[in-house]
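Below are two complexes that have chain A in common, paired first with chain B and then with chain C.
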Partner chain A sequence: MAGWKSPEQMTYVGKEVTRVDGAEKVSGRAKYTHDVYFPRMLYARILRSPHPHAQVISVDTTRAEALTGVKAVLGKLRDEVNYVGDEVAAVAAVTEFKAAEALSLIKVEYKVLPFVVRESEAMRDSAARVFSGREKNVGDWEEEHEGDVERGFAEAEVIIERTFHMNVQVHTPFETHGCVAKWEGDELYMWDSTQGVHGTRSGLAQHLQMPENKIHIYTHHMGGGFGSKFGPKSYNAVCAQLARIANVPVKLLLDREEELLATGNRPSSFQTIKIGARKDGTLTAFQLESYGSGGVGGGAGVPAPYIYYFPNWSVRHRDVYINAGAAAPMRAPGHPQAAFAMDSIMDELAAALGMDPLDLRLKNDRNSTRQQEYVIGAEKIGWTNRHKSRVGHKVRGFGMGAGQWGGGGERSTKAMVNIYADGSVDVRIGTQDIGVGTRTIVAAVAAEELELDLADIKPKIGESDFPWAPASGGSVTAPSVTPAVKRAAEKAKNKLKSIVAEKMGVAEDAVSYAGKIFSISGRAENISWQEACRFLEGSSISELETWGEGLSSWGTAGTQFAEVEVDIETGRVRLVKMVAVQDCGLVVNTLTARNQVNGAMIGEIGYALYENRLLDVETGIMPNADLENYKIPGALEMPDFDVTFFDQHERGVIGLGEPPAIPGMGAIANAVADAIGVRITELPITPDKVLMAIEKAKEGKA
Partner chain B sequence: MVLLDYLRTIRRLTGTKEGCREGDCGACAVLIGELKNDAVAYKVVNSCLLPMGLAAGKHIVTIEGLTADANPIHRAFIDEHASQCGFCTPGMIIALTAYLLSAVKIKAEEAIDALDGNICRCTGYLSIKRAVAAVCADLSPKLDSNRIDDLVKAAVIPEYFKTMPKQLRSIRQPRGDQHPTDALIAGGTDLFVQQAETLETAELYFLEKMQHPVWEEDGVCFLDAAATIADLKESEFLQELFPRLGEMISLISSTPIRNKATVGGNLVNASPIGDLSILLLALDASLHLSGHVQERCIKLREFFVEYKKINLAAHEIIKSISFKTPDESVLFNFEKVSKRRHLDIAGVNSALLLRPEDGLIKEIHISAGGVAPIPLYLAQTSVFLTDKKVEPNTVMKAVQIAESEISPISDVRGSAEYKRALLGRLLQAHFIALFPDLMREVIV
Partner chain C sequence: MKSFQYIFPKELQAVPKLLAEYGEKCLLYAGGTDALARMKDGINSPELVINLKKIKELGVVKANRKRVEIGAAVRLADLPTDVRVRKFPGLIEAIESVGTIQLRNMGTIGGNLNQRPRCWYFKSSRFPCLRKGGESCFAIYGENKYHCILGGYPCYIVHPSDIAPMLIALDAEVEILGTKKSRWIKVEDFYVLPSQDPLHETVLQRDELVTRILVPQKAGLLKSHYVKFRERDSFDFAMVSVAVAGQLNDAVLTDMRIVLGGVAPKPWRARKAEQVLEGQRMSEDLLLQAATEELAAAEPLEQNEYKVILARNLMKRAIQQWADAR
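Take a look at the complex of A and B:
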């Protein structure tokens, strides 16, 4: 089958294509899961634990069940609760307020147990146990090494050792987790805000012990996920069960507090790194000891040593459990943590060596793409002419960071292309658009292959009854979906070609297709797309095809630079400018790709400067479980962004969701260190940390 | 019931979204239009915090109520890919429409400021800013005579908007009844965050605004307690008194919140970090309270007793706030530090009023928030500085005195140590802002 044409030869792929569902979104007509309503539908709420750790002795729902308007109750969802916000019971009632009132009538007898929410404390043998009955709160050490790290440090002329601490970021999609469950006989129809309709179906089938062919999941429009919505989650099953009990549709939407407490987050990370180098900047050794916590979940490890070449290294990591909501994958899991620490210590090393941080990276980064990207980025930010300027109490600084990501397509992705007798076309694929514009690239690739107008194609996605596609995460969507759609469209086109050949009484290879016209070699007459499709009357073409090699690839490299202004009177950091240089193979839609990078970068700014899930050591409560106190960046915090795509279209389609979410924290932290002359080793870089660091440095000098 | 629930669950107008239910994201933004003279003035508000009673007699416009065909805002948002997941988009478009309806002169930069109450988690805002700039460039030459007519012509709002003044005049404007009720509501922007469930079924009494939000009598400036923060910003009288008023007020919350939150509500809330409390403490304001039996007047600095406890009897309400109209010689400054510059609660904030005379500080009032359980009037510091000369040494001494007056605690907004240090910096910042020449050596 054919590969991609070069971008200049394509009409929709590699171009700025506005989203096909744009009109629905801007007019408020787009129906998200939150917007699904049915007659007689009930509203469900989940009762959540006020304790960070407790045994649930009993759950008495008698009074809740007696409340007028309450239609279904699920008591005692688990025997032990392990964080504030853990699920205890659930009800469905005629309104959300009625359901909330019912929750207040449920009497739960808890046996409150000791808990721990601070990682350093949880690791101690004497610490309270996060899970009753488990011997310890830590996972096993995961160790890896290469070369001889002792020898590497012996060869080093400069050795730096630092400890870094990364905060917990919460995904905070704007549409909170939620679903609507509706039973028809023994079939379950569920509208869910999920990143994976197929995964949700199969997981739910297992959980509810029913066949997959009786579950139908719909995600037509979705208000973001960022990795937190790989379903099914427990609320899906709770909602389905309540709907079965009540025998009417039930809607269960989490509120913002629940979203912040119990739907996932990016794990914390504590990394003690030692690196060694020769005086000329050649890295000789790397050693990492790290731990981190995904709350009651795991996955706090980091890829190390990150991106730079060390001949000798050793790393060891272990997960620590604490009584907090479980982590979930979040935009490039593990990589931002790794990159922040590595880029921070690289700058410390550069300072110790008296070397330009850029030169140190050029010397030790063996990725040929990034080698070129560094040069482009440096020029864009004005690296060589940069100088630490100071106006009054505002000081500017510059920094850089880098990252990598895999991505790549899922082989078993399938798409179906239907061509109808009236000439119209639809493409069915069980992917979902978490916001990025998947529907648009499905239409664009089909239109490109069939040489039709975008408006001729109806992309149908977001239903588990459509052919299998992976969950939208890990930057796999575009490289999975586009090859399958292209190949299915090509197969359907060839099918139509063969029908034309048959009708015209010629051999298949005598028919060619271009620009909506079928022509027959040696004959003068042409057959239009419309005319050809009319041959299908009484039938249609339905071609299913899988993903295939050669159209997509994996592996990306990127770098970002930041210019900051620090107010040394108040400690406030303002981003002045950020530059990103990023490769992602063939950019399918330049308009949406640019947004992906911008969006990732503002996420980085939040992570670096504002966002932090706090936990109170005394009570285990998250004191900032609302948007008033868990601050995400607004429009006015935006610096000037300069995004360059490093063109490698010949590599085919590679995903872009994760890569640009990695290098920014290091770049920002390095820029702050450059400005104030002191390094902040703990994110987020809040005004108090900056001001206290400046004060401390002053005392040190005095 | 709040407007958001009415729109979504009863009217099934689902374009208005619920993002946080605490006025911090703007996904639920709607336009509220009320009669002002002979026209309808439109503002953006958060429907999640608006009780239905406050919508009575008003023109409420949701995203579905804007022109859908060929709306230039829609076009720009699509063309620039300003709608990614799209959940925040209707609120953004409503906020921009409110700006177009109310701004005297359309400027892209101001239009972006008008989105200070809207959060987007996907786009990084650049595409939104491009869309806003495109809309402003497209529309500003077209908006000259009658704003409503022009925006109808530009396909932003539908034809029927022209008939709204007549329609609103024809309905009887609701009158608050005087029966005992469960809760008094002014703006409701904090009450409906704190007590949403209780208020859902409570009997509410809505405080009414006076004819004028701001007035002057015998050299004393009065603010209606029910005046919104936006009313203050729009008051020409206050603008003249405080040339930096717009800038100061833009640091308080966000546009949709300022459109509903009231002066009195801000004081009664008694947040130790309330921006308005801090501003009014430095103005040495007085409160005029009315109760069942009698009226009384107290100093604002006597109003805050301890954390969230105020000098107000159960039956009393704040009617108005007054302060001596500052004459031309009076200097005033406000400083606030928060993580985010906008729509964020301060870590520490401070205001200072100073009247110089013959090279001395004749009168001075300093306030500070976030450093005590109550919005703090720095009495000893103010007394110390009275009759002193502005000199770096004196200011440093004042900082020390201020530090003895405060008792900050560590919380989500910063450590006690940081707040202590920051207050010192802010006190210096006041003097640096007001006396850059005298304080030169401190700056360097």
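Take a look at the complex of A and C:
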């Protein structure tokens, strides 16, 4: 089948296409899971552990069940709870407040157990155990090496060693986790805010021990997930069970505190790095020892050494468990942690060598795309003319960082294209638009292939009854979905062509199609798309096609630059400008792609300067479990964003979700260090840390 | 949230009687920006909620030769455009620094003065903290980056109001109504330290409410300025704020009143700093000396030593900006 045309030959792909559901969204007509409503629907709430670690001896739901308006109760979901917010029981009642009141009537007998919430403490042999019955709170060492590290350091003329600490970031999608469950006979219909309708279906089928063909998941619109919503999650099963008991639809929406405590997070990371180089900047050795915690979950490892070439390196890591909510994948799992530490120490090395940080990277990065991207980014931020300007108490600084990601397509992705006798078309694919514009690119690719107007195509997504597509995560959506849609559209178009040929009594290859017109070679008459479709005589074309090679690719490179202004009297860091240079193969929609990169940079600014999941050491409780105190940046914190796509359209479509979420923390931290002359090695870089660092540096000099 | 009775009295006199009867079991409600959140968070579970918005005299601004009188239930958003209030530029700055536009559209000036602390150990029902009648303050060994550096013990909240520090700098008063009498009291004396009363932030008695804020007209003769430093401009309470009022003639400082927000359980009148400045010629060294002397008594907790530096720098900056303003 045919590949992509070149971007200048295309109408919708590679162009700025506004969202097909934009008007629906801004006018409030788009129905999100939170908007789903059924008559007689009940509202569910989950009772959560107030203790960071306890044995659940008994759960007495008698009084809750007796409360008027309570229709279903699930008692004792766990024998042991391991963090504040862990699930204990659940109820469904006629109102949300009634459900909350019912929770307060559930009597739980806990045997409170010792707990630990600090990673450094949890690693000790003497520490309280996070899970009863487990010997230790640490995972096994994961070790890897290449070359001869000792020789590498022996060859080095400059050796730098630093320790970096990255905070826990929480996904905080605007739409919290939630679902509505509705049973019809033995079939389950569920509206869920999920990143994967198919995964949620198959997982729920296993959990509820029922066949997949009796479960239907809907995610028509979704307010973000960032990796925290790979379903099914326990609340899905709880909601389905409550709905089955009550025999009416049940809605279960998590509140913001639950969202922050119990739906996932990006693990902490503590990295001690030793790096060696020759005086000319050639890297000779890298050594990393790291640990981190995903709470009661794992996955705190980092891909190291990140990006730059080291002939000799060794890394070792182990996960540490603490009594906190489990980590979940979050935009480029592990990469931001690795990139922040690596780009920070690269700048420290550059300073020790007296080298420009840009030159050090150009010397040691073997990726040819990034080599070119560095030059573009440097130009955009004004790197060569940068000077540390100081106006009063405000100093400016510049920094850079880099990243890489995979982002290839899933081979089993399928799409179905229907052409109806009236000429209209729909595309069905079981992907979901988690907020990035997937619905729009589905329509755009079909319109491009069928040479129709965008408005002629009805994209139908977000249902598990549609052909299989992967969960939206890992930057796989666009490279999975677009080839399947394009191929299905092409197949449907060819089918219509063959029908035209048959009707006209000519061979198939005598029919050609362009610009909504079928023409027959050797004949003057043309057949319009509408006329051709009428040949279907009330029937339709329905063509299913699978992803195929040649339309997508894998592997991206990117760099970001930051300019900051630091108020040295208050410690406040203000971002002036962020530049991103990113490749992602063929950009499907330049508008939503830019959006994707801007959004990633907003997340990076939050991670670098504001967000921090705290845990009270005495109680194990998260004190800042609300959006007043878990601070995400707002409109006034935004800098100028400058996004450039490094054109590699010939590679086909590559995912863009994760790549731009990686390089920013290093770029920002480096810019702050450049501005104030002191390095902050722990995120987020908040005014207290900046002020104390400046003060300490002053004392050191005095 | 538990079920409650919700009433809209029209007569001001009815309120003290209800307060006397219900005490802690009732809650005054005007803008709701603080009260509603406390109810939702389970910090207050009132049986009776008294909405004050139907009481006419609480919603008006009046002025006479001696003072400007602002009803306690006047919305914050309505004040910056009021010509009678515009005579106090520092007060306008303080009001406009509160929360967000949305919060100022709902919030009232009386509510701002009477808002409860933002301390997360107080605000979360998960912590039975001292201020909620519990046994100890969780901030002492806990997450205390945002807590106080002055006037702490046995509770380490900071008072969250932006407006109170400026009102104190302007020597304003509040009118308080109880069942038996009404009284006027300086805003400065309205607030109490935890050592006096760890359960309440103000001197209000069980049956009392604030009805009006009284700003002396002579404060309009002073230069005034409010500087608020926050971690996040889009929405945040003050990490440290500084209210300045006084006179500057030929670089000589007189009638100086300086009040700090974000550093103590009540708006902190910087009397030592005022003494250092009074009658002196402005200079950066003088400002730093005044700030340093004021903060000599600071007792930072484990995570908030930075506030001493921040408060010092911000005091200097606020007075410099105040001096530079026309």
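What we mean here is this: the second predicted complex is superposed on the first by the 701 of 702 C-alpha atoms of A that agree within 3 Å, B and C clash if a C-alpha of one lies under 4 Å from a C-alpha of the other, contacts with A are read in each partner's own complex, and residues count from 1 in each chain.
The rule we apply is simple: a residue touches a chain if its C-beta (ideal position, glycine included) is under 8 Å from a C-beta of that chain, and two chains touch if they have at least 3 such contacts.
This one's a predicted model, so the numbers in the text were calculated from it and none came from an experiment.
Upon superposition of the two complexes on chain A, a steric clash is found between chain B and chain C. When the two structures are aligned on the shared chain, A:595 is found in touch with chain B, with no touch to chain C. Once the two complexes are overlaid on the shared chain, A:66 sits clear of chain B and of chain C alike. Within the superposed three-chain model, A:507 lies out of touch with both chain B and chain C [touch as defined at top].
By the touch criterion defined above, A:625 lies against chain C but remains apart from chain B after alignment on the C-alpha atoms of chain A. Of the two partner chains, chain B is the only one that A:224 touches; chain C does not reach it.
By the touch criterion stated above, A:175 is placed in contact with chain B alone, chain C being left untouched. Counting residues of chain A touched by each partner, chain B versus chain C, the larger count belongs to B. Contacts of A:636 after superposition: both chain B and chain C are touched. When the two structures are aligned on the shared chain, A:154 is found in touch with neither chain B nor chain C. Residue contacts after overlaying the shared chain place A:26 against chain B, while chain C stays out of touching range.
Contacts of chain A with chain B, set against its contacts with chain C after fitting on chain A, overlap at residues 97, 100-101, 393, 569-572, 610, 614, 623-624, 628-629, 631, 633-637, 686-688, 691-692, 695.
On the chain C side of its complex with chain A, the touching residues are 1-2, 118, 120-121, 124, 126-127, 138, 141-143, 145, 229, 231-236, 239, 303-307, 309-310, 313-314, 316-317. Partner chain B is touched in their complex by these residues of chain A: 18-19, 22-23, 25-32, 34-35, 37, 95-97, 100-101, 172-175, 221-224, 226, 253, 255-256, 392-393, 434-437, 569-572, 591-592, 594-595, 597-603, 609-610, 614, 623-624, 626-629, 631-638, 641, 686-688, 691-692, 695. For chain B in complex with chain A, the residues that touch the partner chain are 5, 8-9, 12-22, 24-25, 27, 62-64, 68, 71, 73-74, 77-79, 81, 83-90, 93, 112-113, 115-116, 118-129, 193, 197, 200-201, 337, 339-345, 347, 411-415, 417-419, 421-422, 425-426, 428-429, 443. For chain A in complex with chain C, the touching residues are 50, 84, 97, 100-101, 393, 569-572, 610, 614, 616-619, 621, 623-625, 628-629, 631, 633-637, 686-689, 691-692, 695.
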